[in-house]
Amino acid sequence: MDAIILQILNGLDKGSAYALIALGLTLIFGTLGVVNFAHGALFMIGAFCAVTLNRLLTLSHQVVDETRTDFLGNPLKVDVPYMQDIFGEATGAAIIDWSVPLAILFSIPIMIGFGVLMERGLIKHFYKRPHADQILVTFGLAIVLQEIIKQIFGANPIPTPAPDAFRGSFDFGTMLGFDPNVIIYPYWRLVYFGFAAIIIGAVFAFLQFTTFGMVVRAGMADRETVGLLGINIDRRFTIMFGLAAAVAGLAGVMYAPINSPNYHMGMDFLVLSFVVVVVGGMGSLPGAVLAGFLLGILESFASMNEIKSILPGIDQIIIYLVAIIILLTRPRGLMGRKGVMED
Amino acid sequence: MSKTTLTRRGVLRTGAVAGAGVALPTIFTASSARAFTNEPTGGSVTLGFNVPQTGPYADEGADELRAYELAVEHLNGGGDGGMMQTFSSKSLEGTGILGKKVEYVTGDTQTKSDAARASAKSMIEKDGAIMITGGSSSGVAVAVQGLCQEAGVIFMAGLTHSNDTTGKDKKANGFRHFFNAYMSGAALAPVLAKAYGEDRKAYHLTADYTWGWTQEESIKAATEALGWETVEAVKTPLAQTDFSSYIAPVLNSGADVLVLNHYGGNMVNSLTNAVQFGLREKQANGKNFEIVVPLFSRLMARGAGENIKGILGSTNWHWSLQDEGSQAFVKSFGTKYGFPPSQAAHTCYVQTLLYADAVQRAGSFDPCAVAEALEGYEFDGLGNGPTLYRAEDHQCFKDVLVVRGKENPTSEFDLLEVVEVTPRGQVEYAPDHPMFAGGALGSCNPGA
Amino acid sequence: MGILEVKDVNKRFGGLKALSEVNLSVVENTVHAIIGPNGAGKSTLLNCLVGKLIPDTGSVMFDGQSVLGRKPYEINQMGISRVFQTPEIFGDLTVMENMMIPLFAKRDGVFRLHAITSVESERALRERAEQMLDDVNMLDKRHMHSASMSRGDKRRLEMAMCLVQEPRLLLLDEPTAGMARADTNNTIDLLKQIKASRDITMCIIEHDMHVVFSLADRITVLAQGTPLVEDVPERIKGHPKVQEAYLGEHA
Amino acid sequence: MFGLGKRDLTLFFIVAAMALFAPFILNPFPTDSGMAQFNAGYPDLMQRFVIFGILAIGFNILFGLTGYLSFGHAAFLGVGSYAAVWMFKLLSMNVIPAILLSMIVSGLFAVVIGYVSLRRSGIYFSILTLAFAQMSYNLAYSVLTPITNGETGLQITLDDPRILGVSATADGGIPVTNLFGLEMRAYETLNIGPWAFQFSVGYYVAAVIMLISFYVAIRIFRSPFGMMLRAIKSNQNRLYYTGLNARPYTLAAFVISGMYAGLAGGLLACMDPLAGAERMQWTASGEVVLMTILGGAGTLIGPVLGAGFIKYFENIFSKINDQVVHGWVSFLPDGLEDLVVALIHPFVGKGWHLTLGLMFMLIVIFLPGGLVEGGQRIARRLRRKPSPDDAKSASTEPAE
């Protein structure tokens, strides 16, 4: 029982990450009809926004410490961040400690700007081109982006810790009457889950309750008609692209403490996020969220020893197996519309 | 560079030529007196450095490449000579190898056995490389070793830790300086028993591929011999990035030690996740819960940041070693590049010197002569103390380092501290040890 | 006994009764038109004939065999061809290739792995295709990329593709929908010419009375999923029920 | 001749001549010159050109004709390789049974995957094929290690049975893949002045098989079957109402395409008897897609060009290091030399991915029809009659 509760918890947490990435992807597909293979790269750039802010905050000058030596036997140069000079040692350290949450603010304008730039500079020329061309050009862009990041930050993962306040884990078990340490879950992952829920809710609210959102939804359903009504749907779609980029970026920022960002983390998530979107149904926002949670939970269950001992290697293939079963029983995914991406 | 290569087994027969439908011009070179693959004829000799330049191990590959460039510089008489000063063999004079200037070509393994073999083949076929070296994973090492055996060139393995490289997949043309999973277990187990007690229950998370399995097997055997109990050993997919679902059940399993048989990105993520779950602050079975990472790489450990503090593991070499050879290497590497070398860089540098020295001593580039010179060779002064290249399996036997993540690092490179230098005698094993059984060196292949 | 016999066909979509107790008999070698106001169930009925929809109850017999439960391609192989409301052609192919495909279908059945011979080498079929194109005055366009043609030409190509299979029954779904008057007249002439030149049964669903009365031998009027009346054109014109249900709203 | 039209025959002879003289064409630079780095005429890479050419030709039969975008084609490549290596391990080192088995096994694999995946179309089909391929890859890397030898890849060893051959050669080595005694790895070098040209048995065997595959592909393109496949891409609805069932046609195309991939995989194993699991990874499947689109999907020669383009980058650009670049620009003054090297540095060696990514983008943006369109544009410019007529005929000719 405890193991099942634990894996459900874990699945929800994983699922929230999947849902968040897939949400942006399906938003772009639904509004613009573009298959964006660079979406994983946007997620990766978001994570590197957190890394960059951390680097900026820890910009340092060096002070020579004569009492210690470096690896060549020379006097050791100790880095002292400017933040500590400006705000004093304690406050400076605290600001650096909170660099990931601060990066949320830092990344939003960057990601929106990047998304708008990408849409205006590249994507808009591909609306009328076949999906295969869109895949190729965005895949090329994804490679270019990740190689640029690699040239700047190297290939190794870069630790980007969460604030100290979120270290350790919360003991759910004691709340539910289990022994201590039976059901524990890290604070930061709980924060991530909450954050994802807020973002997903905000996107839905935005589309549901604002005029802008209504126009966009109408445009998703029938672009031409909305265009005929004299509404400049293109500009709204550009903004939507920026928003989708921001959603992907925020997912990346908050993910940075969970797994240290590296330049290929976007590619690692790319296939998975496409599977999530397709299982949910291309262009369906609730579908993407539902599929994200579903796959997250199933993946967590598949990694349980009890299940692996019956079906060895099931955790290696569960995502794909579920995708196949769902697509065979529900031709357009969980909540897909007819006629989307079938030709 | 003009060359006439004709493999002995591969002489084109006239009938075959007609069969292939190729009209060959008459100026065709006749079977020449080439004794072995890519025999250097001019004033230079070409070595092939085959390292991961793209993919997750690209930084490790870059460090290996730096070490190779340094080695070539030293062999050609440049720089301060590095470990050539401290090497017990004095046959290298800084005039290249056998008087021929050392040149090199580089390639990208992409950490895929396929791509690595393609890259190695191009070095052999196109660039005339006489020796291939490098790599940052065991799959690649075994695959390229097999290729070099078939092509008739020497392979000096880079970073490869699986028992199989000099176990069931050993080859007569392949040599490994790096230590292996068995040695990690043998060196680490006593230190673990001393630090954490002999009554421990271990939970293994193991990367689900050959290297992970051999490491799990080795560590299990070594720790169980000292009284530990293995509660569970769980395989994790290689492509896994988030290990939370594997780590979540650990604390409730009755285990009080978590062993992470992961390397590279897997290790960084699983360790980060384990620390996130607060495992290290917990108590289990009335003891402090501990995490062990049997194979540490300082370069990759940086990605785990603070999380490695206090965690025990083993490593082939570390720049803080105080012996003469290590000091000399760190000095010349650090002076040239501004930071200390990694264990991957060390093993690659040493392998290059060892190859050059063997050629020099053998007086020939013939792979069989070189292999003979390396087999059973005892040397010192290249870090790790007195070392033996065992003839039976082409594995180096030397001291192994047990290290711990440093609590107060002075710089981004100063992440590990050496806890113990396990003497060579303690990590030795018989060539027919069951963990290494099943393969055969075969006979040396000079190609031609 | 007609070549096509529809008996007691019912079809519901959820709560909506699209067809109820439809009976229809199409006599061989006649042109039978089905008319009715929007939502009368004309298209639903047509889709039941070609296998796209399966009626809830009732039977559809073609030449003594039931078509129910058969796939569209099987029904085509029985001898029923269909012209769509908007021309459905192979836009990426040339006109000639568009013509060859129905010929292969007629000769080789639903599937044949014909990967060794070339299309060029099929002399006999090519001649038939060219003959047919000549019949519809499109021979000069045979090398054209079919997507780049006018809508009228596409319609004619589609009809040629259907006719070249020599179907026993040709179903036409509003063949003049959206056409200008001149094009409509051309289409009427073409259909008249087809009817005159061969033995063929046609079943036309049409909105345009001009077309219906120019071509049809018999007319069925459908309203709210039920046939109101079936008769020859002359009598349909003055029929009070029809006036009320259909012509009334147009007049 | 050969049942081909005049234009197809010309194209076939051009390809045949290029394949025959590839050792010369691909080695334009003297071996001792700085540009020798760009020579691609060594056996391994030439073999890869033609083998991946076969793979792309086969992929194009499915994608170029029917429009079904398979994102799991690498699975067939991998399965073909495993089948071939097992043949070497169990039967003999002759390549013929290995190639035959690799085609049969991958064909059967394609029947199963195709039967299931073709129940859906569009991106749903792509994801189904992707899912099957990823499952194959993940399992081959882990649970199926007894069959696939996992991480390392399946290799031949000294203790394989090889019932029709020998386990080990007289001098204790592993026997070599051969065609009735003609060893795949044998090659001859021809020295003409400063040039060196290598003629490899393996390459010519692969090239002959590639030409046969290419010929069969042309025949398929021009056959009624090929026309049906294009009709499926164009309008499936019309096809159904014309009395044709699209499913067996697409399945046949899928299986043929899978067998081409299996053939390519088997040949890879013949040239170098190792089958690595990463051959089945999604990136490998993506690579085939890129080759085909880059070269020009739906054209006959495009996929082969695309395959050559990508393999050239992978094998040549990745080997250019700073030392080589310094060699090229050593004539410049020191400061300028360092600057130029610094400018080139991000794009070569470990930066070859960056160059490849940029090339993808440039080609897709400016040449929507791929390299073939680029070639057509150049040809048109050379003919100096850029009339609108011309542009139209180029776009209506589906296959060049």
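Chains here go by letter, A, B, C and D, matching the order in which they are written, and residues are numbered from 1 within each.
FYI, a contact is a pair of C-beta atoms (placed from the backbone, for glycine too) under 8 Å apart; a residue touches a chain by one contact, two chains touch by 3 or more.
These numbers were taken from a predicted model, which means no experiment stands behind them.
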Please give the pair of chains with the highest number of C-beta contact pairs.
B-D
Chain nearest the overall C-alpha centroid of the shown protein atoms
D
Whole-angstrom distance, CA centroid of chain A to CA centroid of chain B, is 35
Centroid distance [mean C-alpha coordinates] between chain C and chain B, Å:
74
What is the distance in Å between the mean C-alpha positions of chain C and chain D?
47
Could you list which residues of chain B touch at least two other chains?
58, 62, 208, 235, 237, 239
Send over the residues of chain A in touch with two or more other chains.
313, 316
Indicate the residues of chain D shared as contacts by at least two other chains.
138, 141-143, 353
Considering every pair of chains, which are in touch?
A-B, A-D, B-D, C-D
Of all residues in chain B, which touch chain D in the complex?
1-7, 9-13, 16, 19-22, 24-25, 27-29, 53-54, 58, 61-62, 65, 69, 104-108, 112-115, 117-119, 121-122, 125-126, 137-139, 142-143, 146-147, 149-151, 164, 169, 208-211, 235, 237-239, 439-440, 442-443, 445
Would you pull the chain B residues touching chain A in the complex into a rising list?
55-59, 62, 208, 232, 234-237, 239, 241-242, 244-246, 248-249, 251-252, 265, 268-269, 272-273, 276-278, 281-284, 299-300, 302-307, 319-320, 330-331, 334-335, 339-340, 410-411, 413-414
Within the complex, which stretch of chain D touches chain A?
63, 67, 69, 116, 119-124, 127-128, 130-132, 134-135, 138-139, 141-143, 282, 286, 289-290, 293-294, 297, 346, 351, 353-354, 356-361, 364-365, 368
In the complex formed with chain D, which residues of chain C make contact?
50, 71-73, 76-77, 81-82, 84, 88-94, 97, 100-102, 104-106, 108-122, 145, 148, 161, 165
Where on chain D is chain B touching in the complex?
20, 31-32, 39, 42-45, 48, 138, 141-143, 145, 149-153, 155, 157-159, 168, 171-174, 176, 181-183, 185-192, 194, 196, 198-199, 201, 204-205, 208, 272, 274, 276, 278-279, 314-315, 318-319, 321, 323, 349-350, 352-353
